[in-house]
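Heads up, the next two complexes both have chain A, just with different partners, chain B and then chain C.
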Partner chain A sequence: MQTNKTGFLSSIRAFVRDPFRMFGMVSVILLLLLTIAPAKDYFSQWRGYQRQYLRFIGSRGDAVTLRRHFTGGIQQIWIPKLDVVDRCQSCHVGLAEASLADVKEQPFRAHPPIPHKLTEFGCTMCHRGQGAATTVEEAHHSEMAGEEPILPARYIESSCGQCHHEPLEGAPKLNRGRVALARYGCVHCHTIALPEGSTMQATDNPPPLSHIADKTTREWIYAWLKDPASYSATATMPNFQLSDADAGDISAFLIANSTPQPGDTIAPPAASGDAASGSDAGASLYGESFCASCHATQNEAGNLVGGDLGPELTNVGGKVKPGWLMAWMRDPQKYDPQTPMPQYRWTDPQLKLIVSYVEGKTDPDFLANVHLQPATKAQIAHGKKLVIEYGCASCHVIAGVPKPDNFAPELSRIGSKPVVQLVFLPGMKHTLPAYLEQKIRQPRSFGPSLHMPRYNFNAGQIEDLTTALLSLTDRSFSLPASLQVPAVRETSYQPAGQAGQLMASLNCQSCHRINGHGGTMAPDLSWEGSSVQRAWLDNFLKNPNTLRPTLIRRMPRFNLTDAERTTLTDYILTVYQTPAFDRDAMPLAGYPPQLIEQGRQLFYSKYDCQSCHMVNPNVDKGYIGPMLTHVGARLNAAWIFHYLKDPQALRPGTIEPNQHMSDDDARALTAFLMAQKSGAGQGANQ
Partner chain B sequence: MPSPIATALDRLERTRVWRSIFRSGKGRSTLHNALVIQQSVFLHLFSVKVRKRMLSLGATWYLGTLTLATFLLLVVTGVLLMLYYHPSVPQAYTDVKDLQFVVSSGLFLRNLHRWSAHAMVFLAFAHMFRVFYRGAYRPPREFNWVVGVVLLLITLLLSYTGYLLPWDQLAYWAITVGTNISSAVPLVGDKIRFLLLGGHFVNANALLRFYVLHCVILPLSAVLFLAVHFWRIRKDGGLYVRESEPGAAEAAQTSTTEEREKP
Partner chain C sequence: MKAHLMKKTPWLSGLFASAVCAAAVLCAGCGPRQASAPALKAKATGSAIVVVSGDKQLGSPGSALPQPLIVQVNDDQGNAVTGARVELSGPKGVLFDPAEVLTDDNGQATVKVRLAGVSGRYELTAASQDAHGKSFDIPVAEYAAGYQQQVGYKIDAKYCSRCHDEESTTEQVSNYDNLAVPPHAFSNGGVYNKLSGSDLAAIIAHGGPAMNRSALMPPYGWTLTKPEIQAVIAYIRLVSDPPYAAPGVGYANR
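This part shows the complex of A and B:
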């Protein structure tokens, strides 16, 4: 052994001492090492995929075409002005091959159809990841040095939102998420600045709390704070996960801080002798007034019925005091000047009916277990501290507590937050979407001292919100302005003068949009004055009815006086006119019978209008568009003429097809439609 | 019988062109060999005569030579990298990515540069430790030790300036921290920082300055000091041998280490 070892060592020594042999040996080793570099290049991942692709298409029927389209080597989409260098197609070889749409396994699947060309924006603009990379690991998963890992496909709509700030057809998740950000009041606390310079505005209308003692009791506030969802499943108020003591203290402060507002409370109606008939009459008044257009209630089956513009009323009787409700129903703007609720002009007996009906909607169990001791000074002081700490004034107006600025972190660029800057919980996936989802689902799981409340979102809503948040990227700010598609910005239009005051008290714009401001529940009235005739409008305001056979009427009757109706009609007819044409340019009647007959034939044969509209209800079966039985008494002739010529110009987004009618055809049809004045189908069944 | 190659070489060496370049002429005498060294611009930096024992691995571990080798490797790979790299903010990082993903053997080139840089710092330190513990810094070599210290500083600065050039997060923050440290120098600290960065923040100017430092100023100073360093080895009496020191002869008699080394 010993001799062997020394023999080996001495032979090594001899070898080292011979410089020529040593030099030769080292050179061979160096040469071998040097071959590693070209070998690594030759056996690179993308070359492997390209070889695999050629084998794969060889077995297909369209092999010849596919092979002709194939170019070897590194492929890239290069868009200098967008800072895009995407080499994804080096491995995803068949991305642009429509015939590979049936392929299931990546990386050879064809790209699904999208509204943009693949070369228009490249890949990473939407999918994220590192475009310059040519290995899967680097391209899909790298997050060093600010690179973004690939975006899971279920959030892909967020990428559309980087340029498209308007509601976008084909991106429902993104649209729902954005609506939710505004509707659940996220943007009260978190500022979201948009690239065009505005900020996202909340649409949830949180009530002011400065006079809350007039409206409800401390017990109700306590129970509501503990769990808003137990009062109303549709509550937009989140759960702050308060302890019993904290909820008691906040309710004590809010009641003690409340000052009575003169006129907030009217003597409640005395208990009616005949409760049953009173309740029936109240129910029918509730129905006639179309309260359900905005307010939902739960029916016996547990389903919500009604709109979501106002709060759910299922248990409202347990919440509001009858005296307050009375005053509210008479004039809601007295208590809350910002309310979207219109002022119904109910008579006193009607007021009593509706109040006692609404007060009857109550859940006796809700407050059954709430027993609060009278509030002490210390409790009230602690309640105020909590109100400031939890940022209640970010949403609600509370006397003596100013609205905090930037209460929560700004989210304008949250979609580009580097993963290295996030703190993850144990066991969580280390990605930005996973972080956002957990933050929305269980905000306090990141630390018990955090103030963000918990919402009752389902998995779908959380995905929607995450999609909307992921669209708020650095890139959306740095992209050229020419690529930005801004949202239609809400104007601050308010009608002026006496009619303006009237429309403000009726809150017309809660449902109707006028000159870019208002709701979308009812038709846009910006050009209503060009469209309708005075007599019809006056009559409609007196007794509204639906124009479409398949829609439920939602316009309430407001008990307007004759003078008020005249003011409104005058204003609408004078002010809301389109500059496109003169509404009196064509006569309302007196068209020659041949022209009417010609129009009738065009209506029934050439343009097939009866597929959607009805002129004679006995014959026609069109249930989609408005009824035209009285259209000659409703619309102006010039409006009909121009509407037929180009419907979308007068009512953007209408489904009425643009038939590119000649003037003659449009004139004949106008004559025929203007003849429909009494609903008997004049000229229709000749 | 001389081989045909030897005959051809012999004929070549007798041509006029050859003799005009290599003026030492033919010969194998000691003087002749000394002339070969002395009359070449590249070789005259080195000692004309070297003890044969000093060329063995054990004498120096070749640490200085290896440091020089990594430096030469860095110059070659660095020049090749300069063909692909733009020292501008929008392009620097993507150029590095291109080297990594698209340029043939670009990753090899970049890694060779990077590992050589690490090796050079390590070898320079090792070289200095060896010189220090063998006492080779003592007179008359004290000036060459100082030159060596300057060369170490240049090596470190080359390493530091090269760190910014990939223009990634690591680079950015490393340079931010580093220049903040330099601003801690009393009185002129902020001026030094401003001078290095060409401004108050790590930005396009800083990138350009570091690029020029890394590719022009520092390598040229390194070459200058290397020339002095090698020339001084010769002037200070060649590679350090303990026996050549005054009083070392007696020490050698008591020491058995050297004896055991000899066959």
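This part shows the complex of A and C:
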């Protein structure tokens, strides 16, 4: 050690003694140091990619063009108002070259076409990552405080959702995720504020529990709480992973807390002596009433058949008490004023039939092993404590338990949550998407004391939900308002007067949309009064039928009285009119035969309407559009005329193409169609 | 010289040693790590492999395909072989779960596929080996739809497939069989690959007669916007079979 030290010191001394030698050495060192900066620049990663790019395009047919477009050096997109400084194109050189769309290897592939210009939005707006970085590692993978890594491609649709709050055609995952956030009631507990000031609203309809004892038994509640999916695979109620004792206590509390409501129960039908024929008649009434338009049941093959507007009914007989079901079927709004279920106006024998049929849908195994001791006071008190602890009242109305505010963490900006604020499980990828996915898949894996329940989501649904959550970023709040595309807000339209009351009891708007409010299962009725003739409408309400041969009829018959039908018809014809034209401007009949003949030729030759419609069922085959065999007795002439001129203006979203028809053609076709009154194909090919 | 220097300066030798260590660690990191994965042992062998279902699906970039890919291994007689080893491979970034699998009791292998992060057509391969160790395989095509193609798919489902879909189901009824001049399925690359983008745009916008084709194809130029028409074309190009090659690229790739 000593010798080494002295050796080193002596060599220093030798240098000091010899200034020329020292000067020479220092100069060499300085020169070396000076070369580091240009060398570092020359060997920088992005320069390497640019050299590689030039070699790569040299082998292509369009090399000359591509070379002409190429400018070396750092490429930067700078958009001050969006806070974007992106140098991605320094390495992704061919990003804006349409002809490089076929390139498979990165980083030279052209960006696939999107409705936005790179220069207007930059890259990091959608892809995240560090835009100002000039190395791959830093740009793509940096996780340091405040920096976010690049977003995996499978969640890229979330970035659309920062500005676009309306459903977006090219972003199905985002749309599905948003629907799921509302449908599975996530937003009952987690507030999601939207940039325009509103909050996301749930679309599920959790039943009120204040009178639950009228409806079902403690045993059923217990089994349901233990595992909702074992009762119905489509249940939106999640699994709270309760212990047997806790489920018993909650069920005890709910039953003890329930107060009977007059009219909730009607004497159940006596057991029918002829059960088999009763069940057949019940099944056909169930079919005739189109219960399956909204309610699904599992068929023998185990497939769910039916709509998802109402709860699945496969095992409903084991759930609801017959007396309650009688009262419910007679007037559902009495028990739950918010229910989308219509009042069917069944006669008493029909009621008995449908109730005994529905009560027959039961799974004997579901409650087979449930044996509960009578509830004690302590159990009931503990049950109430659990109900408050688990936030049951966030979704359900429970008498005596107020709805908690902000029960769960707000998610309005969850998509920007820094990774350093998250707690990861061992072996987990340290990214926000991975955290969200695990949180949705197994919420309690982050700690047994957490209250978030478990849902039965499949991998695709989890990806959808994660995409929707990732769209809720800080950026979506800080973006200029001019970039925000708000969702179309549901109006609160309700029809007025006597007809309004009638329509409310029939819950027309569960399926039909009117003036921006209502379901999407059935046609929009906002302008129905301009469209149809009185006699047809009256007859349709008496006996609804589908207009399209390929559609399954879904509209139930409601046993309306003549007076009720008149009220409805009057109201629809008077109120639901388009301001675009006068529906009586053209006559319903009496068109000259030449005009009808001209229309026939246009129908069959110029516009080939028979590809999709039928006027004469013996000849025509088109079954995509509505049948036109009786169209002259159904629609108003002025409606047909204006519809032919611009279908989307009267029925937004219809698939009938706008043929840009002249007035003369439209008039002739109207004349021809108005002649189709009796289904015999008047004036059609004979 | 180096040894001399090191003897004199232990700090330098320390630096050298650590550099050697770092290099060794780096080299070890770069070494072939996959080699240690235990290979699945085939219990039986077949001689042909066929796709049962799950090919030509439309997925999203980076996402799992909606349905699993199911292939079947058959022997000389065409009977399904149980326990044959099937190996899946594809372009960089495509993930298979699992990438190696033995066929089940029905001779079928079911694999979940996650496409890579870029849109476009993916050519995958399902391979197995016969009794002599000779490999046989079947190509499988899958599609990852980017934004434009996704929009095109939506428009296709709403408007086009009502006639262009050769199959009619109760969920999605097709008019295909009722038309005097049958339309071409969008996957029919033999027809569509010969039409340029502007020809296709003209047919969609102005109807069949615009390009001397059937008048049963109505004009959509007043119903769809120009970007929507481009999206339909992008979708047709994506799903076309044989695959569509943009003009000029064949020459360019030489």
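Here is the rule we go by: the second predicted complex is superposed on the first by the 653 of 686 C-alpha atoms of A that agree within 3 Å, B and C clash if a C-alpha of one lies under 4 Å from a C-alpha of the other, contacts with A are read in each partner's own complex, and residues count from 1 in each chain.
In this section, a residue touches a chain if its C-beta (ideal position, glycine included) is under 8 Å from a C-beta of that chain, and two chains touch if they have at least 3 such contacts.
The shown structure was predicted, so the numbers you read here are calculated from the model rather than taken from an experiment.
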Quiz prompt | Contacts of A:G460 with chain B and chain C, given as first, second, both or neither | solution = second
Exercise. For A:D41, decide between first (touching chain B), second (touching chain C), both and neither.
Key: first
Quiz item: Once the shared chain is lined up, is A:V85 touching chain B (first), chain C (second), both, or neither of them?
Solution: first
Quiz item: Which of the two, chain B or chain C, is in touch with more residues of chain A?
Solution: C
Quiz item: Touch check for A:I114: first (chain B), second (chain C), both, or neither?
Solution: second
Exercise. Check whether A:T135 is in contact with chain B, with chain C, with both or with neither, and answer first, second, both or neither.
Key: first
Quiz item: Between chain B (first) and chain C (second), which does A:I354 come into contact with in this model arrangement: first, second, both, or neither?
Solution: neither
Quiz item: After superposition on the shared chain, which partner residues are touched by A:I74: those of chain B (first), chain C (second), both, or neither?
Solution: first
Quiz item: For A:Y623, is the partner it touches chain B (first), chain C (second), both, or none of the two (neither)?
Solution: second
Practice problem: Go through chain A and flag every residue that touches chain B in one model and chain C in the other. | Solution: none
Self-check item: Of chain C, residues touching chain A in the complex
Solution: 7-10, 60-64, 66, 91, 116-120, 146-148, 150-151, 154-155, 158-159, 162-163, 173, 175, 178-179, 215-216, 218-223, 227, 230-231, 234, 245-246, 248-249, 251-254
Self-check item: Touching residues on chain A, where the partner in the complex is chain B
Solution: 16, 36-38, 40-41, 74, 83, 85, 87, 130, 132-135, 138, 144-146
Quiz prompt | Residue ranges of chain A in contact with chain C within the complex | solution = 1, 4, 7-8, 11, 59-62, 99, 101-102, 104, 106, 109, 112-115, 152-157, 169-173, 459-460, 463, 550, 605-608, 611-612, 621-624, 647-648, 655, 657-660
Quiz item: Which positions of chain B touch chain A when the two form their complex?
Solution: 57, 90, 93-94, 97-98, 100-102, 104-105, 107-108, 168-170
